[in-house]
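In the two complexes below, chain A is the common chain; its partner is chain B in one and chain C in the other.
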Partner chain A sequence: MGEQVDARGLSCPQPVILTHNKMKVLRKGVFEVLVDTDTSRENISRLAKNEGWEIIDTKKTEDSGYILTLRKE
Partner chain B sequence: MGVKNFFGTCLGIVLVGIFIGTFAALLQKSGNPANMGICVACFERDIAGALGIHRAAVVQYIRPEIIGFVFGSLIAAYAFKEFRPRVGSAPIVRFVLGFFAMSGALVFLGCPWRAFLRLAGGDGNAILGIAGLATGVAVGVIFLKNGYSLGRNQKTFTSVGWILPLIMASLFAFLIIAPLMGDGGQSGPIFFSENGPGSMHAPIAVSLIVGLLIGFLAQRTRFCTMGAIRDILLIRNFHLASGVFALLIAAFITNLILGQFKLGFAGQPVAHTNHIWNFLGMSLTGLASALAGGCPGRQLFLAGEGDGDAAIFVLGMIFGAGFSHNFSLASTPAGIGFYGPHAVIIGILVCFFIGLTMREKIK
Partner chain C sequence: MDLTEILNCLTFDKHPDLLVGIETSDDAGVYRLTPEIALIQTLDFFTPIVNDPYDFGRIAATNAFSDVYAMGGKPLTAMNIVCFPIKELDKDTLRAILQGGLEVIHKAGAVMVGGHSVEDRELKYGLSVTGIVHPDKILTNAGAKPGDLLILTKPLGTGILSTALKGGKLNEKQTCNLTELMATLNKDAAEVMTDIGVNACTDITGFGLLGHALEIAKASNVSIRIYSDKVPVISDAIEFASMGMIPEGSHLNQKFCRQYLDISPELDPITGDILADAQTSGGLLISVPEEKSKQLLNGLIERKTPAAKVIGEVFSEPKGVIQIR
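Let's look at the complex of A and B:
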């Protein structure tokens, strides 16, 4: 399994901070972010746009959360 | 573009900011206190008073706006399948953060929303409050960057998410019935102010409907004054800030049209001119809100979508309001409360204790 950030169950804005940190470490490539609220999903989308990452896949999970796949070339 | 996506857009949040700003000014026109069309802290404080948790006779009323906020959010959450009952992320800490968010707000005399509404009404003291709010949030961001965390919540039963809405429904029943239950049925509670800010209110139906609409829209857009400042500092994102700015401008214009704008520092409604404690009081509220993940208003909307920890923050605020008035922490238009500064300093120390010690490495 590749790089992953598990932000489920965390209060705002921790999902954004964890994702941001991962972006800074990886600089480019592909990683997944697990979130469990629509708010977090939207916040991660905005962060990705800001930082030049693309969300190439959004999967809904069984527990009504999301797995977002982010990529930067 | 679906309705769901629209609320997440920049235009969506700007329109909601305009809606809130306009209707806040209109609520004042229809009876709410000056520059207090909406104030989460003041209104929860009035609720605490109505229940007899404090005995400040001028600030006692069950504010339907608060009830509307929670149910509006609940309705939106169900309509868009976002109702997610969850609890267990440091509830006792959230209670304490709510307590001090309220203590700070009552030293300044307003929640972050009212800080912007006061500015929109021409109250220069609000500038100190907003500067304090930004400072408090900035300190909170430093803690967050250094790994501060309240820990993860857990999914729970649907009924758990309904507890705060049911408490709000009970409050609404108390508002309508206004039973005499004290002294063996001879007197209050429920206590309602006969003069002062607590006696000034829009008709119940108007307050409730506006509250429901704002609750609905705020849940959809994740409107948050603390988050607005935090996102600018943390990720240079102005999305939430654009909504808050729209609120400010809309309230300002509506105030001008309605003749409610009065520029100055002295003699502003439900405000005092102590710059230091206006600044520090709101710093405490900003810091406590940042550590709790949302401003007092946002906590109500989160509670409406099933977040039991946000509900604990709300109860902490109501308890804090009672404490603030009973122990001379709260300010009045005459000036700060005798023990207000003590409470602010203790609150800031407690927030530092929480922010410094609750750190974990989350993979």
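Let's look at the complex of A and C:
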């Protein structure tokens, strides 16, 4: 399994902070973020754009959360 | 089920002296005592948004006074409301909160007359504030008239900055500026506004500028045009919004308001985040006849309110709609 951030059950802005930390460690490549609110999904999309990462896939999960796949070349 | 739906299930008695009741989404209730005096009553409390208990007390109290100011009133008395985890936090914390609140009450020229506390797992603090206003001079959401200019008295972005603070992203100076902004009473703005006489007013809090402007548009049966490049914004708020430091309430505000918005050209998402940002202890949004706007602006600048900017205009059509330009 690839790199992953599990931010489910965390309140704002923790999912953003964890995702940002992962970006800083990886610098580039691909990783997944698991979130369970629209707020987290929206906020991570703002962060991704700001940091030059692309969200290449958004999967809705059964528990109305999302798996976001982020990539930076 | 949201609060509006729950309230709709209840039947409220009408009373000839109840001048502003629960129906119009106004900031406070107003009850006529005599032909010259009406009573304004409001209550507001919340969980800590800053780490320092004294500052939290100041901010919560400042926020509670806002509703009286927004109605054009003068606050007279205040009562504490406290929910406190007595087993987990020491008494000095509570003392600091109450001290912060008391200082604000005195700054507002009001007196503390008591309060009530309960033990709770989560700390909460706020005030119930009582004030007075002349029954003919009550300011509500419903008075805005086509041709009015809209003036905002504090910059937006406290929701975004508070989220960044929670995430440990603010330095000491940014924290201090945010705290002082939220602990600035709308007293000066209200005094200038009531001296001059304006058409409508509301304070910007949890529904953000968009949500509160929408309340005015609906209650006044007008259209409101906001010039997004004219809206004062806390420095750093755009940067933190771009980093995704946006509170849930701000997202919900955008979602709720979307159906009432006429946007042209397309809105940059970060600008949308700022306009909908849920504010704590935000400024007054004042609807003033154009011919009085200069005098109002000069008065606000003289009293050094945190902002004094024309951010929009009122039009007759399309009613109940916010136009963003």
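Following the convention adopted for this analysis, the second predicted complex is superposed on the first by the 73 of 73 C-alpha atoms of A that agree within 3 Å, B and C clash if a C-alpha of one lies under 4 Å from a C-alpha of the other, contacts with A are read in each partner's own complex, and residues count from 1 in each chain.
Note that in this section a residue touches a chain if its C-beta (ideal position, glycine included) is under 8 Å from a C-beta of that chain, and two chains touch if they have at least 3 such contacts.
Everything numeric here is computed off the predicted structure, so don't read it as measured data.
By the document's definition of touching, both partners, chain B and chain C, reach A:Asn50.
Of the two partner chains, chain B is the only one that A:Leu18 touches; chain C does not reach it.
In the superposition on chain A, A:Asp36 contacts chain B only, with no contact to chain C. Of the two partner chains placed around the shared chain by superposition, chain B is the only one that A:Asp63 touches, whereas chain C remains out of contact.
Shared-chain residue A:Gly9: touches chain B; no touch with chain C.
In the superposed model, A:Lys28 makes contact with neither chain B nor chain C. Touched by chain B in one complex and by chain C in the other are residues 12-14, 16-17, 20, 37-39, 42, 46-47, 50 of chain A. Across the complex, chain B meets chain A through its residues 8, 80-82, 84, 86, 89, 144-145, 149-150, 152-155, 222, 227, 230-231, 234-237, 239, 292-294, 309, 362-363. Those residues of chain A that touch chain C in the shared complex are 12-14, 16-17, 19-20, 37-39, 42-47, 49-50. By the touch rule above, chain C contacts chain A in their complex via residues 163-164, 166-169, 241-248, 251, 269-270, 273.
Considering their complex, residues 6, 8-14, 16-18, 20, 36-39, 42, 46-47, 50, 63-64 of chain A touch chain B.
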